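This is the structure I have questions about; it appears just below.
The chains carry the letters A, B, C and D, assigned in the order they are written, with residues numbered from 1 in each.
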Amino acid sequence: MTGPIGYLGPAGTFAHQALQSTGATHGRPFPSVITALDAVRDGTVEASLVPIENSVEGGVSSTLDELTHSETPLMITSEVTLPVQFSLVARAPMDLLDVRSVATHPHASAQCRRWLTENLPNAKVYDAASTAAAAAEVASSGRYDAAICASVAGDMHDLVHLADGIADNRDATTRFVVVSPLGTPSEPTGYDKTTVVAFIHTDRPGALLHTLQQFAARGVNLTRLESRPTRTTLGTYCFSMDFEGHIAQARVAETLMGLKRTCRDVVFLGSYPTAQRVAPQVDAGFSEEDFGAARTWLNGLLGS
Amino acid sequence: MTGPIGYLGPAGTFAHQALQSTGATHGRPFPSVITALDAVRDGTVEASLVPIENSVEGGVSSTLDELTHSETPLMITSEVTLPVQFSLVARAPMDLLDVRSVATHPHASAQCRRWLTENLPNAKVYDAASTAAAAAEVASSGRYDAAICASVAGDMHDLVHLADGIADNRDATTRFVVVSPLGTPSEPTGYDKTTVVAFIHTDRPGALLHTLQQFAARGVNLTRLESRPTRTTLGTYCFSMDFEGHIAQARVAETLMGLKRTCRDVVFLGSYPTAQRVAPQVDAGFSEEDFGAARTWLNGLLGS
Amino acid sequence: MTGPIGYLGPAGTFAHQALQSTGATHGRPFPSVITALDAVRDGTVEASLVPIENSVEGGVSSTLDELTHSETPLMITSEVTLPVQFSLVARAPMDLLDVRSVATHPHASAQCRRWLTENLPNAKVYDAASTAAAAAEVASSGRYDAAICASVAGDMHDLVHLADGIADNRDATTRFVVVSPLGTPSEPTGYDKTTVVAFIHTDRPGALLHTLQQFAARGVNLTRLESRPTRTTLGTYCFSMDFEGHIAQARVAETLMGLKRTCRDVVFLGSYPTAQRVAPQVDAGFSEEDFGAARTWLNGLLGS
Amino acid sequence: MTGPIGYLGPAGTFAHQALQSTGATHGRPFPSVITALDAVRDGTVEASLVPIENSVEGGVSSTLDELTHSETPLMITSEVTLPVQFSLVARAPMDLLDVRSVATHPHASAQCRRWLTENLPNAKVYDAASTAAAAAEVASSGRYDAAICASVAGDMHDLVHLADGIADNRDATTRFVVVSPLGTPSEPTGYDKTTVVAFIHTDRPGALLHTLQQFAARGVNLTRLESRPTRTTLGTYCFSMDFEGHIAQARVAETLMGLKRTCRDVVFLGSYPTAQRVAPQVDAGFSEEDFGAARTWLNGLLGS
């Protein structure tokens, strides 16, 4: 991609850091997932990088829902995973016990909850629109004593690090996806995943079980399953799913068609290389060769 | 078919009667299922009609096993069902209480067991190779007092009917199949069934369950499932199955390929019109149109 | 319950309104789901009412996660559903086109997104900790022109309604649960649901499918299935589930024991009456009578 | 057992040999499976040993059907497996090429088919009621040149062995069961199996799949599944099944009750030690301890 790539800004957030890890040099921050994806829809940018899932906080609802309900179809073309580490930053060095107010994004405070209780007993936490905005606010006004943010955001604003690595879970990871206009998926790499949203027939008992059996019958492993409200009645859900393999592979193609036939609707959101670049294990009977051999056998029986 | 059609003889058996019901005029009896099918294999006849299933006695093992283990592949090209009615015949009129010996095929005596106990208390039953052979034996020698056979067999040998309709179950039915050399199946009629033998991986727990899920995932209904020994170790089985639909239909083709990939082996034994000529009900999502629409959708996503 | 019932405050939020709908007169607001549930854990209140699910925004992560990972076990004892309607309120009447700044909780702005775009083209939206806090802020300072909040919150602060019923989805509903210390569930009413969290064996392919089959084998219908990260590695989930029936009913008890045996862990979160008070349909073979009859049959075979 | 044990006679058959292998000294032959089982029903014998399955010929229909449809309930109390070896016997030594007629039971000739074709090219095979009867016939008359029978039967009649071990499959095995009046099953040994007949709801698509899922949900492995006609309409079957475990074990008891609730009818035919005396592997989550722990957990939740 040659033009600018959008990302969930402002500059200094984890999304920015994730974008840089892809080698992209021309990023453009947007204030929200919605605006970042709108910029893809209207052609302002070729693609945007937005968070989709965090190992502690779970799925990022706004990303999941924007992809699902988009009138202009979008497609995930790659993913990036990033370890999430938070720092506590302030305008000047100070004792932790003197910190009375901390600004940060609610997801960040949730991930540092235990550390905050133990180390900042006198601080009240205030919600900010982003961790980067919290850092900017601390840098520009005396409203808050400190901010919790990505290390880079503190540096951008010449803030002092009071503490680093303060997340309760040291292995916290966020997964970001690069979203482009719907187009032909790139060639299979051998270590791809596919993302779809399945609207199951909620009035049929066992519909989710039958949907999962569509996968099982073709030896396709689900790696993520997340229910989201359909935005109509309470208790009706659609399911955002990741699974191993690429739409151009027979086991995935047959599964997708099986979902299409048996679900109320299916939104295809892309086949793209996994960040881990590890080829999935394919069970006996489900490889491309197995599918090809079975097709040859069938064609022989049909006399064609 | 213009040449002679083989059938499980001798003349006067139910197979003969079933063949006549198809309009075939040029039948040729064989002494056993094996010889009738050997005559197909070596080209002596174009096809042979043999029994495959009886509503009281169950599957006809020799037919099932000959079709399964045939080195020259054979194929079922049509089926005939026939109500099974037995008569008690003798050389001359006699009182039932005076009947001391009755010859018949073991399947026939099994189906008339209750009637025999109640009406022929003084008779011993002797096994014959076929009901027609029993009638012939009674006609030609004094060895047995009476025979249980098809009505037509008594008539062929000028025997007297002591009783008719003596089967314990008045609704007993036998299903016969016409077996031809393996070739291209005839065109779908809309009311077809398909017969296969699946050798499941018996060393994998739940293998039969997974095999049945191959059918369920494509909305294909099984109408017959019969285990047969694989002729090796006690406790290893293959499964002879009938199911709705024709190999040229997408839901059946995909199921067959799924079986081929996930079973140790699959023997295809034909797609042919059902005797009932009733179109099966196809669940929502599994019609030819549904398969076609899902393929079109997939091709669109693939940009092809 | 005679003592105060906690709820997600401040006063004037939908949780407050939901609590009032139960007839409870002695409510005590808490600033967060965590503090409301901590008050149950330490005995400050007998129970607390917190939101668990919204028909537009989905599951409330903090409630789901606090219930799942609580060291002091908690239990849901009842549920309340509430239609969610938002109002736009200000200090004095003003033209909508003059509104430059609006404060509200991000969930509220998300639910009014389209209305805001069409009716407040000149306004910037600012995040507040709650819709009630937004109303309070508007009432007490000139920082924001208007707030989006529950109708009652505008009234509490003597604010003027600029518009009512501004949610994009008129049928938006939030489900609240009353959470108590773990104890013996109340008696079945005939229209109960049960909530659990299942930690499936994520290293076993098809584990979710097998978990759902535990339900299917006992005719138990799932009504909610939501994955949540286990807070360890990215890609390992637990599943928060609601299903029809009460732990004291045989089909539910057997399902729960089946989950307990086949999952890595199961957290029981209560059996309690549904807000709809509608008895679920129980399939043939799964009623209390059916379970009782099967047990009687088995005991007869065992000679006991 | 102290009284005589019935068996499928005459003396000299494999059933006789199987009975002797159990250490029983007081056997009483019956001319058919039906009469052997009638003798159990009317108290003439305490139990009878009959064949139920052969590794080459498959299930023994008369035994399966008599057990299924018995008005006086019967129960399998033990099983015996026996390698099946056939001998060709005659009145005096003779060249194989001179053998013109061979008598034997159809099952025996089927199992020696290839050997007969290759070694007795000039012989015609005649059906006898049993292999022992064939040997007796050869000994007492000149009607047939030779008989195919169990080795012991040739010896009983002072016949000469022309050839031994002539079965096409050297590993052919027959399984016999000892059938007693329905009573309390013996204590579990740790290596038991259970036999039932399940009449599934044939008017419900996927009923067999759902029945197998009753087993899968409790980790119970099927070791035999055989369809039999219900003796009514063609195409309606019941299923004779063996599975690992004993009715007194929780996973089997729960499976049996699940079948009872979800099938049209279930006939329990006994829990008894396997001939192999090998304890089955029980998957994680399905042992007696696992069931006990889950019950304890549930009782704790119920406050009982």
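What we mean here is this: a residue touches a chain if its C-beta (ideal position, glycine included) is under 8 Å from a C-beta of that chain, and two chains touch if they have at least 3 such contacts.
Here the structure is a predicted model, which means the values were calculated and not measured.
With centres defined as mean CA coordinates, subunit D is found 24 Å away from subunit B. Work out the mean CA point of subunit B and of subunit C, and you get 59 Å between them. Distance between subunit C and subunit D, defined via averaged C-alpha coordinates, is recorded as 57 Å.
Counting only residues that touch two or more partner chains, subunit A has 213, 216. Contacts between chains close into a ring here, every chain touching precisely two others. All chain pairs that touch, listed by label, are A-B, A-C, B-D, C-D.
Those residues of subunit D that touch subunit B in the complex are listed here as 34, 53-59, 61-62, 81, 110, 113, 127-129, 169, 171, 173, 175, 205-206, 208-209, 212-213, 215-216, 221-229, 231-235, 237, 283.
Every residue of subunit C that touches subunit D in the complex is listed here, in rising order: 183-185, 210, 213-214, 216-218, 247-248, 253-254, 256-258, 260-262, 268, 285-286, 290-291, 293-295, 297-298, 301-303.
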